[in-house]
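Here it is, the structure, as structure tokens.
Chain naming follows the written order as A, B, C and D, and within any one chain the residues start at number 1.
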Amino acid sequence: MKSGGAGAVYAALSAAGWLKAAGADAQSPERWNKDAFESHALADARKALGAEAAQSGEIAFVQTPEIAENGAVVPIGVTSSIPGTDSIAILIEKNPNPLAAVFDIPAGTEAAITTRVKMAQTSNVYALARAGGRYYVATKEIKVTLGGCGG
Amino acid sequence: MGDPMKIRAAIVGDETEVKVLMSHEMETGQRKNAKGQVIPAWFIQNVTVVWKDKTVLSAQWGTAVSKNPFLSFRFKGGAKGDKVIVTWVDNRGDRRTDEALIA
Amino acid sequence: MTGVRSLGVVLALAIAPAALAQSSTADEIAKYRAALQDGNPAELWEIRGEGLWKAPRGPKQVSLERCDLGLGPGVVKGAYARLPRYFADADRVQDLESRLVWCMVTLQGFTPAEARKNPFGNGSAARSDLEALTAYVASEAKGVKMDVPLDHPRELAAYRVGEKLFYYRGGTHDFACATCHGEEGKRIRLQDLPDLATAEGARAAYTTWPAYRVSQGELRTFEWRLYDCFRQQRFPELVFGSDAAIALTVFLARNANGAPFSAPGIKR
Amino acid sequence: MMRYAKLGGAALVAIVVPGCASAPGDERSAAEAAAALHASFRPAGQVGLERLDQDDTQRACSAASGKPPPREVAAKIEAANLATVRYPADGKLIGDWKNGEKIAQDGRGKQFSDDPAGPVGGNCYACHQLAKSELAFGTIGPSLYRYLERRGNTVETQRYTFAKIYNSEAFAACSNMPRFGYKGILSEQQIKDVAALLLDPASPVNQ
């Protein structure tokens, strides 16, 4: 890995003791919030993220359709207009594991990310943004439809 | 080690827009094969994007990110010809690093 | 169509609220499709395909860069938009996929079975070189006008056979290609169905294959499209590179003549 | 013309296609097409090559090339198919709409990729609007939303509905709709259940 800067940061965080190694590779400096990602309920995932108490905030779903033609690929764009946003998380209430992704946003990076997620069924999608140590939330229902001829 | 990523980095105003496509199964661990056995989870857990030794984005992913993942974001700064380096690590400890020059 | 239409007359049409729900659904589906256009994973196949095209492979350890796709040895640019066509060396009308197999056998020394291995990939467990190569060659025809020839008698014969097959009903469900693709403005579930017997419908459909299927997470070729249509028609398994596959491809590709080629696309 | 007729179940009265104005070249293409077809498929899973063999209705409708068949051919197709309809021996035409909804949603069955042991669905939503809550409906067939209100719950409607699902060609020659009963796709009970989805006042189709 050439990303020396990032590695150094992770190493420091890892030393702080609240990071977990990814996969079986003990050398891996990356952190992955196992408790949050393996939670089966939305409330548990939010608790594991430390985001139980979140107030509504200026978070927008951008380029996120209300109906997905296929649940395997659902485009999600989240933009936070809350100053100082340093983390954005995407949760899908009715997925077997609601937490889909957490993005850390360093200073200088726009608090706006676009990705694609799987949705097992029609569900509310939650976008959490962290700013100044506090969490903000927005939600949107996305309908997942069936397609094709072969069922 | 996985297949190469497709990375695009381009100047948009005073920012650099980064778009990444990664080649990965992103297996959920929920599916069964024809014999009824569970297909084990196999997915990217961490993504980092680095520009000039500075991490401009880092992400933790679960199994719900789609197969062959797509990611797009912008950061301030960046000049034509600068390197943007993307690394992913999956739950098996496999990793892949690719880079692109800002256009 | 006739049958369904006459039943429609008897039953009267969908009432207004349903029609309204239908149009907002269509708007949201259009947004969904638009959001996918930016960042098509088909590009991952194009990269791999270009690598396979240029790499020395097979027993003879040569690349495919001397393969003649119809515009001369090694000419990839625009070749897809002029296929299928008759090739004198093979004495056959060939689509891109069967031409690639031909080149892998004659130039690189693969056996036909090796060359045809995994025509349709299944994740990292069974990756398809043919899909990757097809994605690469197709991507090199982006923007080129479809111009499929019917000058050779064999090309014309294939077109006529393809047209017959398009209307051929069979199986447990009485399905033909035309069952779903013979009338404009229809859809199956929420997927629009082009009338492939018309230039307009064929142009809209044919020029967007190969395509990345988000439902499968795979790049799929036009041969796959036909294979899977026949599966859903409850027909037996279509043989890769078979006469029926190529005849139908000639019929549909020719009907799309004049339209700019725009694949690889991305579809549900 | 080559014939591959192999009729299962009730034999159909032969449907003659009188002078379908085919040029000699057209005849040749049809023969070539039949040959290409049989050389281009292989058996897979539960599907054998006999699926390529046409019965008289399929042959007559294929010859029409997507256009309506001539009036006298259409009449023969409808009469021959009407004769195949087997109404339930117990006289009951209406089953369980909840099961009918499941059958209407399910598109599996009879494909070489499907388990031969089932389940087999009717995939009605692929082509028809039914319950209003299902947004993903097709438009190849007409909307069947509020079917009961439009047709009235008479014995005649029940008999027509059962028979239409059993063999659509009995009422509309060269319909796009499969002959669910005649071709053994759905069981008698399944057809009753789908009929209930259309005709039961409690069915979501009629809400």
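We take it that a contact is a pair of C-beta atoms (placed from the backbone, for glycine too) under 8 Å apart; a residue touches a chain by one contact, two chains touch by 3 or more.
Just so it is clear, the structure is predicted and the values come from calculations on it, not from any experiment.
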Winner on C-beta contact pairs when A-C is weighed against B-C: A-C
Distance from chain C to chain A - Cα centre to Cα centre, in angstrom: 37
Length of the line joining the C-alpha centres of chain B and chain C, rounded to whole Å: 30
Whole-Å gap between the CA centroids of chain B and chain D: 48
Junction residues of chain C - those touching two or more other chains: 25, 180, 188-190, 214, 217, 231-232
Residues within chain D bordering two or more other chains: 111, 113, 125-126, 135-136
Touching two or more other chains - residues of chain B: 66-67, 70, 72
Touching pairs among all chains present in the structure: A-B, A-C, A-D, B-C, C-D
Chain C residues within the chain B interface of the complex: 38-41, 43-44, 47-48, 123-124, 212, 214, 217
Touching residues on chain B, where the partner in the complex is chain C: 3-4, 6, 19, 21, 23, 25, 66-68, 70, 72
Residue numbers on chain C that touch chain A, as the complex places them: 25, 28-29, 31-36, 180, 188-191, 214-217, 228, 231-232, 268
In the complex, chain A residues that touch chain B: 1-6, 9, 22-25, 28, 30-33, 37, 72-74, 92, 95-97, 99-106, 108-110, 112-119
Chain B residues within the chain A interface of the complex: 15, 26, 28, 30, 45-46, 48, 50, 53-67, 69-77, 85, 87, 89-95, 97, 99
